[in-house]
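Below is a structure I'd like to ask you about.
Letters A, B, C and D mark the chains in the order given here, with residues in each chain numbered from 1 onward.
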Amino acid sequence: MNQKTIVTGVIGADVHAVGNKILAYALEEAGFKIVNLGVMVSQEEFIEAAIETNADAILVSSLYGHGEIDCHGLRDKCEEAGLKDIPLLAGGNLVVGKQNFEDVEERFMQMGFTKVYPPNTQLETTINDLNILFGK
Amino acid sequence: MNQKTIVTGVIGADVHAVGNKILAYALEEAGFKIVNLGVMVSQEEFIEAAIETNADAILVSSLYGHGEIDCHGLRDKCEEAGLKDIPLLAGGNLVVGKQNFEDVEERFMQMGFTKVYPPNTQLETTINDLNILFGK
Amino acid sequence: MEITNTMLTNDQFFEERKNVLSQWKTGKFVNFDETVAYQKLIPNEKRFGNKLAKAKKEGITLIQPRAGVALHEEHIKLLQYLEDEGEADLLPTTIDSYTRLNRYKEAEAGITQSRETGRSMLNGFPAVNYGVDICRVVTSSLKNPVQVRHGTPDARLLTEISIAGGFTSYEGGGISYNIPYSKNHSLEKTIAHWQYTDRLVGMYEEAGVSINREPFGPLTGTLIPACISNSVAIIESLLAATQGVKDLTVGYGQCGNLIQDVAAIRSLNILMRAYLDRFGFTDVRVTTVFHQWMGGFPQDESKSFGVISWGAAAAALAKVTKVIVKTPHEAMGVPTKEANAAGLRATKQVISMLKDQDFLEIPAVITESEIIMSEMKCILDKVEELGKGDYAMGAIAAFEAGVIDVPFAPSRFNAGKVMPARDNDGAIRLLEVGNLPFTQDLKDYHKRKLEQRGAFEKRPVSFQMVIDDVYAIGKGFLVGRPKKH
Amino acid sequence: MEITNTMLTNDQFFEERKNVLSQWKTGKFVNFDETVAYQKLIPNEKRFGNKLAKAKKEGITLIQPRAGVALHEEHIKLLQYLEDEGEADLLPTTIDSYTRLNRYKEAEAGITQSRETGRSMLNGFPAVNYGVDICRVVTSSLKNPVQVRHGTPDARLLTEISIAGGFTSYEGGGISYNIPYSKNHSLEKTIAHWQYTDRLVGMYEEAGVSINREPFGPLTGTLIPACISNSVAIIESLLAATQGVKDLTVGYGQCGNLIQDVAAIRSLNILMRAYLDRFGFTDVRVTTVFHQWMGGFPQDESKSFGVISWGAAAAALAKVTKVIVKTPHEAMGVPTKEANAAGLRATKQVISMLKDQDFLEIPAVITESEIIMSEMKCILDKVEELGKGDYAMGAIAAFEAGVIDVPFAPSRFNAGKVMPARDNDGAIRLLEVGNLPFTQDLKDYHKRKLEQRGAFEKRPVSFQMVIDDVYAIGKGFLVGRPKKH
């Protein structure tokens, strides 16, 4: 009965809604409690929602290419807000263009993300990794 | 009235007939006297025809990839047969696979060819070059 | 704020204009009369509308990429490459996402960061930040007509700068650049904003400068039933024509079933003309645009070429005026110029090979297009009823009531009840009709079609089909069949 | 030498066999009974005919590349790559041109030179030189069924070695591997050679080992009217069935007009079954193969993807059992394994997306296929008449009389009077009917169709159209329009 709560949303000025809707639906089906903020979510909104719902992880999507700019500083703001060490996952098409994923991963890890995902990450992978993260 | 005679044909075990037929037709239309040997022509047949018709050039096609093997020694045989310095032109898909054309050209020039053409050489180019060759 | 479908008065317009031009520092350099003079110097063959009209007359299909980067020198090089190496007939300037949301400061930061890192940190060209003169440098450096493509709910300043900057075509609309591209903008607001854009275009038209206008056909690009996108296209066209727009290109996003795709274009052709004429807009010119599949793409580049080419084939067989081309990098990110040109060349080959084949009048297409047209009539009649004859009011009320409802849209002003799924032939049908005002016959038809699929797949008709269909093309199929089928 | 369409007697066959097996040193290692035992150990899913039958039943289209290199280790790697990275459903082993002309010494030199230079100096895999054991190493290293594809007028030894080597399908025929592939072989000779091949396959069939046989559909691959290639397919199928062949795949090379291409397959399906049944071969299984455009390709790889994908689309819409796939290197030379896999993946994407769409019964296709079928009947009736009921004698006489006449063929036993050209929709018609035994109605039809094109292009119907059409796809079009059109 130890259901994990996850905040999901698409960060920044990004309106790609399809993946977000399906991700939220599938994670719920997989047994998580999902707080889905939809698209165009600011860093502040992610943090507020995580505090309010006492979330176990924040799952940030960014599709439109500005992910690097939009995610900058999120970890620091989490710490400031008292969300110590909350798992921050990022996925989607995080940067502009087809770039070497290792480099992108590296840059996002340095920004304090816990795990970073390449384009077209399958639902199964996401669910699996979350289960591992929560030690199931 | 100084009509130039050209021997054409597809060398070796090569049966690609389409380009040969069209080339012969177009060169005739362009005012040359064409002795077209068709496909599957041996080195000996090229030389015999050139001697018999007192040809001004031999135009060798090879499409199927064995051109390098098939053309080997043609220049020497021409010299032996008394066809001193007769222009030898080669074109088509001369070697197996997509290779750097400069290398292919180099190899064929070393085999004694006068001029070497890459895949898909246009009719206009062929006609133009022949006119230049004959100093028109 | 009450909004009606009537032409803005000069007073209204110029009052608003002061405000618009002061939204960012580049606004003050826009001058209407000087722009009219400048636009009149653009040679005919470089005007978007002219090139489209010529293509329509000749029965050929033009090709156009999407492209835009942060730095203007790079942007020019990119577009030159696409016309030279990609054989593009029409050029775009795709605007970045910050500009689309009027966040000009963030766009400015994006330009700076791009200069610093040497990578484009913006997903498009920030035209407003650059202003009129640099836009003119862009548009005058190219051999082909250039259009601004974006997704901006409030595009008033961008319109002013674009036209002054020498662009001769402008994409968007108060519905199509709101519902798929925004979360919180009300339709009242965005329709009003786009009345401004359309009125500005109308005023240029009156001054002898024709700017082509293109409502955005594909909406969210994901399994959109033709009756919905076609209805939106007709409404936006009527709104634009009311403001004096005379040159329209209406569009549709490929779904993948050939018969249905050609039928969608056929029904769009027929009813668009009928509605424009009915409201007296007989002098409005209409051309069509077909978007290659707008949903999720395969990761693999060769497979993407397959998707791109199939889109090109459908466009050619539907005899549209232009096709918007995807690239083999689609699933990965904004394409390199090489990948963009590759998509164009594959498309050009197919389009040219198929230009003498025409599927618009084959019986299966006629049958399917008649279904689409009766669906459109259900929707548009209800819109007219709700708006008491006014299509602006009607559209707003229709979205509120779910009479128009765009699947997967992020906007909170969209009902989100309609759910599409593919039938057994891959044509898009409705799993949830929501509040679309369909006749019982039409509802039954959709139901029957999906039940056929369910029977074939030996599973119930359910939301799982929708999910499977969303992923299908990315995974190499059209219909998302259950595993082990 | 008089040849009739009757089953070879055991005496005839085994007498000839001694001779065949001594043509090259590897022949002596072929053992019929041991091969039967070996072939029976090949699992069902790796047998060509089984996989085709399954696909036919499921209504799906399989994909198959062409591929062959000089060195066998490299050849195995190549084929493994194509099944793993290219998602090929069926595998080929394309034989080199020396082997095709029984010049085994030159093939041997090619192998040696390839080892020395590290480049494949042969344009295919020299199976005869390698012999039974190495062929078995090849066929058993792969997950999918493997077929020998070649173009060999006298393929008797190659057939022996191929089947003993574990291949489960074999391409070719006495006409289709002569007329397009040879200059001096008489039809009497090659039909006799292929009676041997077919009888060998028949004997394996009787011993419980079914080998799939595929006449080569596209002939010279260049603007071949469907009635000609379909007629040859039927004749070769009857000849094969007479020798005891039970599993046939009949083919057609894409022309580019979708309606005509689907119609060609439809008419092939219908008349093939009718002729086999009429002669009592009701137990012969028939599947179909569609060849992506076999004529000159564009130089550009992206454009080639366009051509490849359009071929994939036509194959899927015609619901053929398999499609033979071209590569983006086609115009340049034998493809790298990467280019080969790329063509396969583009094809797989299109085929899978379109698998639920079917154009075989749309009215325009039915109409066109009825024209093709009446043309085929004119030809086949005359063949039967000339052969006094014997299709072997009839075929020989028909070629002599130009009743069958393959455009652009190198063979001196081909009349070479027929000249094809595209009509205004890109469908292939006849500019010169030569001695094809068409009714006046049919002749008028072709004439009318080409005059329509002439009128449109404002030029006389002439050989220049043929030339323009030969180059057209390579230059990006289907119909070779005059410049400045």
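Basically, contacts are C-beta pairs under 8 Å (C-beta built on N, C-alpha and C of every residue); 3 or more make two chains touch, one makes a residue touch a chain.
Source: prediction; values computed, not measured.
Note on connectivity: the fewest steps through touching chains from chain B to chain C is 2. Path length between chain A and chain B in the touching-chain graph (shortest route): 3. As a whole-number value, the distance joining the C-alpha centres of chain A and chain C reads 30 Å.
We define each chain's centre as the mean of its Cα atoms; on that basis chain A and chain D are separated by 54 Å. Each chain gets a centre from the mean of its Cα atoms; for chain C and chain D, those two points are 45 Å apart. For chain A, the set of residues that touch two or more other chains is empty.
None of the residues of chain C touches two or more other chains.
The touch graph of the protein chains shown is a line.
Inter-chain contacts occur between A-C, B-D, C-D. Residues 12-15, 17-18, 21-22, 25-26, 38-40, 64-66, 68-69, 93, 95-99, 119-120 of chain B touch chain D in their complex. Those residues of chain D lying in contact with chain B across their complex are 97-98, 100-101, 103, 106, 109-110, 113, 119-123, 151, 180-184, 220, 222, 295-296, 299, 329, 331-336, 339, 408-410, 463, 467, 470, 474.
Those residues of chain D whose C-beta lies close enough to touch chain C in the complex are 256-259, 298, 300-310, 312-313, 317, 341-350, 352-357, 362-364, 424-426, 473, 476-479.
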